[in-house]
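Shared between the two complexes below is chain A, which pairs with chain B and chain C, respectively.
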Partner chain A sequence: MSSHRLSGEGAIQRDRTLSFTFDRRGYTGHPGDTLASALLASGVRLLGRSFKYHRPRGLLSAGSEEPNALVELRAGARREPNTRATMIELFDGLTARSQNRWPSLAFDAGAVNSLLSRLFVAGFYYKTFMWPAAWWERLYEPAIRRAAGLGRASREADPDTYEKAHAFCDLLVIGGGPAGLAAALTAGRAGARVILCDEDFLLGGRLNGDRHQIGGESGALWARRSEAELRSLPEVRLLTRTTVFGVYDGSTFAALERVSDHVSVPRPHQPRQRLWKIVARRAVLAAGALEHPIVFGGNDRPGVMLASAVRTYVNRFRVAPGRRIALFTACDDGWKTAFDLLEARIDVPVIIDARREIPPALRAQGSRHGVRIMTGAHVLGTRGGKGVEAIEVRGEDGRVSRVRADSLAVAGGWSPNTALSTHLGGRPRWSEAIGAHVPGDLPRGMTAVGAACGELALAGALRTGAAAGREAAGSAGLEAPLEQWRTEEEPVGFARRWSVSGHRGKAFVDYQHDVTVEDIEIAAREGFRCAEHLKRYTTLGMGTDQGRTSQLNGHALLATLTQREPADMGTICARPPYTPVAIAALAARARGPQFKPCRLTPSHRWAEERGAVLVDAGEWRRARWFPLTGEADWRSTVAREVAGVRAGVGICDVSTLGKIDVQGADAGAFLDRIYANMIATLPVGRTRYGIMLREDGIVLDDGTVARLGECHFLLSTSTIHAGRVMRHLTHARQVLWPQLDVQLVSVTEQWAQMAIAGPHSRELLMRVLGDAVDVSGPRFPYLACQEFLWLGRPARLFRISFSGELGYELAVPARYGESAVRALMAAGGTLGVVPYGTEALGVMRIEKGHAAGAEINGTTTAADLGLGRLVSARKDFIGRVLAARPGLAAADRPALIGLTPVERSARLSTGAHLLRPGAPATLSHDEGFISSTAFSPTLRHWVGLGFLSRGRERIGERMRAYDPLRGEDVQVEIAHPVFYDPAGERVRS
Partner chain B sequence: MRIECPFCGERDHSEFAYFGDAACARPAPGAADAQARFVEAVYLRENPAGAHRELWYHEFGCRSWLQVTRDTRTHEILEVRLARESTAP
Partner chain C sequence: MVDPTCGPLCAFAGLPAIAGSGDGVVAKERDGLGIARITARDRQLAALERLVQRRFHLLLPKGARRTGCGEVSLAGVGPESWLMTCENAGNAFAIGLRDSLGGPATVVDLSDAYVMLRLAGAKVRETLAKLVPVDLHERSFQVDDVAQTVAEHMAVTLWRLGDLAGGEAVFEISVGRSLARSLHGAIRESAAEFGFVFEPA
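On to the complex of A and B.
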């Protein structure tokens, strides 16, 4: 057992020993220890170097507010920087390293920054390095980054998994101290659904760190028994190691559960962390209060510690933070520390109380122990090398004396932990009663209890907790008796001391960002009067600890310097997250292949069997092309697929196109208002190409409309816009024209649809469908559609073509899609049928001049796309009125054109800009751009589609296609956008 | 934020798509000043600090369009009704 470990129980398991290393040296501790308590027990109190001045730093606290003891935890891919030693639960094999020091913690070359500290004063970012500007990038920034910094993140991929969970409850209790436990017990016993979260691994809060009595037993024991009872209640869920870090609208809370951070590697099938989204009818903020230090000279020297933290190390972890610990307090509560130390037989050389008057009972108790008591006295500074060796005290009479001590416990008073009360915009309110801010307006359904609302004594914590638990149970329709627990009286007198005048040496306000009293003085001198401005100018409270131990002191100091009361200063509003949250936890499972859902086409398995190369297209994974062995590259594969379709027959799964079933007596009238062209006149058994506009006159999408019955239409949409079009249609139906008799349903996933294209497609369908449907030319002309039974199952056939060839689309219920493809391939063997993918589909649509996503891009009108003739003048429809605005109807708008390279071997690039030959490449000479390009295997040169001002009048004109990104400058000829079969004879054949 | 869908009950806002101001009805397309009225309906919006009637679409639920009255300062949902019942002539 190490020399700083005390005897007695505490909350550690002495019968087991855990080994760990810090800066490569081996140490031991026990289950129940934190890294901080185990290091302290081993006599280690230099844990890190400060951010700017590289000063030696030790533990200030025993909790999540810790500003100093940030370490790199674990190694390799699991290395995690800036981890608070006070929050790391000890496990066997733990490795940690100090950070922000070089070459070693004990000797740090960066400490020279202390000598340069005049450069690093408040606002140094804005002042010191302003001139000359060129030095910033080359000299200042690299130097500062090297010198001032926190830990290093791992460069390897995170090997762990994270997950999300959702929960709902009547009462969320935030904090498992006495107030939180009282609330949970009261509501839980009544049968309410309760979730209690605490960031610690041990419930009880200050009950573990202090020596309280509740109903005749110790507070720590009461916490253990309460925890056991709560665990036995079926509607209560206890989440330890869980920090509620955000409060959101609608009583929604976010919490992070550190599922596996207390073991070396997550157990099988366990995530490292779990992100909880909790919806709670009521919430109880029982997050306690934070003790804050008093600012004096050398107050950052290792060995200076919050008085409550000293008690926690002594009582909970049975660790003596020092051998000779002086106390500097401004409140009754601090005296507990001296008494607990004396009880543990640790030397207390002096109790220094800043107050002149102290309760006689405290003085009497101190005198009984024979401790020297100084009232009206202040600590001016500390002395020592890498830790406190002596303190300098100014007595009431003004004389300064030196007291030998290896540690100094500081009790500056308690501030309610108001952070979660401000996430929805609430402002903390100043309370004269406790000399600190308490929660102001709370979010609806939230109550603050115990120390979090300024009830600093145990009796008040239990009372307010129970009352809130009862109220929460009542809101869930449950009756809860008001629980009462017996506790002793506590003195809670205080006198606020933020900082000590006449301090000797650097006096730190914000330990993590090295903000000193001098910095605050500079800020005040330079006119920064508001808490938010002080924060930005000095970086006070901008560290990972969000200034939990520094805000109040900093604001009070500024108030004093500007002749105001702290109450009039205001404070800053905390935002989520309460403590740092790993991005990985926010992403949880949504990483890599699970980043978003992937929809597979009905023919997916068949395509994989054929070795298709797949591509993610929107939410779908589609076959991009089907390579054959021996093919040199993907271009030759695509060229073969295109040639196979143009000369024979090919098959492509087009199930990803959106499908919307529209039925009802007013279906035709409804679609007339949706599409820019006439739909109601479409005969049953016919299909029509249609375009729909947004209300602002821009094209939303295009597709086909098939009339399957008098009152039954089937729409197709582009793959990408399927969801958007469905939203557009439901808006029109429910919001614009709810009186129309029409029903809509998306059937995209219900039907598999295969394009069968090429001169032999009719022959192939006759072979496959037999007499299920008559596909012969006259009976099934271009744009015909029909429903029929195929092998006893419903099927649909449409004579439509995207490729420009004689073509059909065959639809079958989705689950038969794969067998339909296999049947088509089998029957087409002797016809030389080729499967083709999205790339060949794209090449053929560019050859045919069909607009797609790159052209229907949210900025183009029907006329821009060359589809003006479709727009009906005989009816009203969405977008008609605004499409006629002068700007959208202007003659010089960019119109869809085709492009071919003048030099036939040249390549065209999407994104190239169109300039007149000889015109300089400037924005004012930009006349258009190329939107889609492909190498046309049919024409044996590149072809492109694009937009050019007055393009349709400029067929045959030569222009520059200038692409500065790729460094290309190609001469092109403007062409009609339809390169292949412009008369459309092939689709009608 | 939580929205009480008349069909689905109280659901998380991530199931909904926001559409905007519910107050702008589609103007009469045949009116003489139709273009000006449409410009107003499509582009011009009030931006009140307080109660605001707006359209939400329960896209990942029942696909109902809802007219939600929300306090823009607190995100408190004051009322939810089906849009078609709010706008039917």
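On to the complex of A and C.
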């Protein structure tokens, strides 16, 4: 295959050669190439197959709007499907494969779909797969799912890393073309903080693809010099390879920086991509405009290309897309392509302009080159195998002739790139001046400039860009002179041509989704008159390109078919993201073990040393159990830990429970309003169990309140609700009762707190604490608490018990938590002290009938939990009024009960439904459920807690515990929820 | 009575001391700080202000600002509430404060609740930009500014100290002790491309 590379500089580095493969065949290119330009330079123009009909497709564009040239980039774990060849910056060793074809790109069996194309028209699915209904799940859906989707994702874990970053600026410039550069230069020179993002790796936009003059130098050179100047400004940040893909509230923008996509493997410690969250005082939308094709027969044949893309390949990449390139245009701009081709000594057999009248200057320039010019003419169709070989043209006189050409450049006119202007709900507005939509209501602080606002000529782009840059600098309190640059005059005349009547062969409106003129006609006939409905019915504008090259033509066609003007037709509202964003970039570091931060307990290192099995409990990582060598399974470990506590003494790190310090003259009164039970009457040096309700009367949390001083309380909360309770209290203090003298501080992190439980716990504490505090029964009774100094450091002791045994909780400053555990373990050696984890903790609390998260689950009242007697009738508190609602006070509400299996060896399962024996297993017979279960090593059978309608009146009754999920059906006996030491003698011993 | 078998545990013990090459970010553990939260009691703000000025020669900063004198610093972290630190004072600091400020203020010892890192280096802002949604530009986040924010879902307090002689910015970031390892990991990995050096206490 001979080279299509032209001589001359362009924007590629010819002194270096890069090797790459496409469909396993080796090619070369240069730094500065894209995969598309390098393949084109090697004469490859068949790059893919279309989605539905598997038609051969080549490059349409040279940018991110590319609908056809989607390839699989890289291999193995780094394989990325649906990557646009026009956006892949070439690197050495790049591998790419075509997709959606079998067995090969050149011969694709799927092309048989083309023969059935009369079947596969718009609405085919909706009409065909309606009947018989029973076939949907068995046949239709699986078959459609197999056929759906494009490209193959790698099934291996992504080996690369991704990260997020925040940025703030006075001005965010979206797009680095002439308008964007002008804005950035103007604001940047004034000292404004500017961020300029461009999806390309080369700044300049159309200045690289076209031949412009700015101030006497080439546009490309001006772009290079501007870039260098911007890089020298300390407050300006240039982000190339970066797509601003979303606009969000609060002047926030999301951008994706492809940090390492242009290298085969990211450099050490570099992410593959970085997600930027940018907060900008002002934003300039300088995203340019997109050129539209014209719809005619065979307009998808490889070799048919946007005229501006042809110029880009010629001028920027120095590649001739063909040897003999015809031009079909409806605007002055298209003529530039012909002139640039002629300049590069590429044969232009004909310039076909759909307009009858064209500027004399253009005609003269064309004639000077001796090019055949056809005005008022239209391309009806193309001929060729897997590429254009000839075109059929209908002249102004109606005669059809055939012109030999291997390529056809098509210039349908320019349409501002309005996508980001609509993310916050703005609607594009039709502009008769340019025959396209321009941004309508812009997000606050955003200005559209240059081609993005309809200023299609270079002079206008520079002028509007500079004005917006100056305005943005002004809003940051900076004075910026209005920059002016000298450019040449450009003709920008046009006559809109959406499609060609009488076309020959299939005429594609949306290339990626194979939507044809016929499909639009069907949609119009069937009443889909709205742009959004057209999209859903025909899939026009869906897919990775989101119809950037098809929306305008499709909507204009529908307008014509329904006898409306494009202005009345409207268009769709684009939503983020502008171009596809990898999920990995959105997740960034939050994956695998780093999915969320992990809170470690003060005794974590000690627990790890002892071989504890750890469990993530909410934010915390806690010891679940401490296995010993020779133990058969976790259940025997837990049974040993429970038995060790019940018969001797055990230690458990309970630092994760929330701890809130409440002080102030009104602290007692405040807590009386927070808790359902009385708190103000609690004597100093004592602890009390308390429950707090939500405003709606449901229990929010439970815990203990210790009174450390007259005006000093310490609250404990459940681990899971610690943050929520702190917010609840803060709201009450700051909003409900700001007049109270109350100060709140979370001290959860300050104190390491160890539960010491079991009949020998007092002995153990005496050994450890010595004279620091008197823990003897009479001096330190059940529910006592005390602050003291231990080894010269503050410490706190509470006589409270979750296990049902004689128990204490010892609190020390967190950094001493580990040494405290080691001291307790050392002192308890002869007492047989056992460390125990969350599992044993859970077993013992179920044996003791304590409600926990499964019971205090956001649906239960104090009465449901058997705590109704705690609720004070002598005071007001949050939740009091709504707790008395008829629904919450009904006698037949499910109440907390205990459950034991009638057959003692049977296992109980959490979630089982409670049914009367013999009752059918239907919802209407459901009377309750099991909330917590455990095998009780103490009782040697399973026990459970649950809720049963009128449960407390039904102790001794037998029910079915029916668990269809696990296929279990067990007969259970309703019991009092406290299985162990119901009189509470052990905790008071 | 049993003597504990080991002393205080450094929250960052055993964590990697370097990542990448170079010293774009240097994180130094701030250990031994006495940290206390002081909150003015109802209608006692003026009295507290007088007391703090007399005792520590400091004015209570207004809003999210920080001030320091000698070994003591004060940072505004809430309505009429400050985080007060003292070098090498440990838990004794809060006990002493309770005696001196306990009349007009509630004093709560948080010396163990937080771990703190002092961050410096040429790339400290670039690194923090990956972690906190705060504009750290020198004009936006000035010397002695304080931010209570989040770093990768962790509640952190961040403040800026005076620049080094060469103009290099210095920040201190603190997080709940239980999150020390997670914060260290987040900073280490974010700084790795610039080179990260950790100096334990």
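Keep in mind that, in the parts below, the second predicted complex is superposed on the first by the 970 of 989 C-alpha atoms of A that agree within 3 Å, B and C clash if a C-alpha of one lies under 4 Å from a C-alpha of the other, contacts with A are read in each partner's own complex, and residues count from 1 in each chain.
Operating definition for what follows: a residue touches a chain if its C-beta (ideal position, glycine included) is under 8 Å from a C-beta of that chain, and two chains touch if they have at least 3 such contacts.
What you see is a predicted model, and the numbers here were worked out from it, not measured in a lab.
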Which superposed partner A:727 touches (first chain B, second chain C, both, neither): first
Comparing the two partners chain B and chain C, which touches a greater set of residues in chain A: C
Which superposed partner A:735 touches (first chain B, second chain C, both, neither): first
Which of chain B and chain C A:630 touches, first, second, both or neither: neither
Touched partner set for A:279, first chain B, second chain C, both or neither: both
Contacts of A:920 with chain B and chain C, given as first, second, both or neither: neither
Partner chain in contact with A:620 - chain B first, chain C second, else both or neither: second
First (chain B), second (chain C), both or neither touched by A:527: neither
Contact residues of chain A, present in both the chain B and the chain C interface: 277, 279, 734, 739
Chain A residues within the chain C interface of the complex: 161, 163-168, 193, 268-270, 277, 279, 589-590, 594, 596-602, 605, 620, 661, 663-666, 734, 739-741, 743, 745, 747-752, 767-772, 791, 793-794, 813-820, 822-823, 826-827
Interface residues, chain C side, partner chain A - complex: 1-11, 13-14, 19-20, 37, 39, 41-42, 79, 81, 91, 95, 106, 108-114, 129-130, 132-135, 137, 140, 152-154, 176-183, 185-186, 189-190, 192-193
Chain A to chain B touching residues, read off their complex: 248-252, 277, 279, 424-425, 444, 695-696, 723, 726-727, 730-731, 734-736, 738-739, 876, 880-882, 884-885
For the chain B and chain A complex, residues of the former touching the latter: 1-2, 12-13, 17, 19, 26-27, 29-30, 34-35, 38-39, 41-43, 55, 57, 59, 63-65, 74-77, 82-85, 87-89
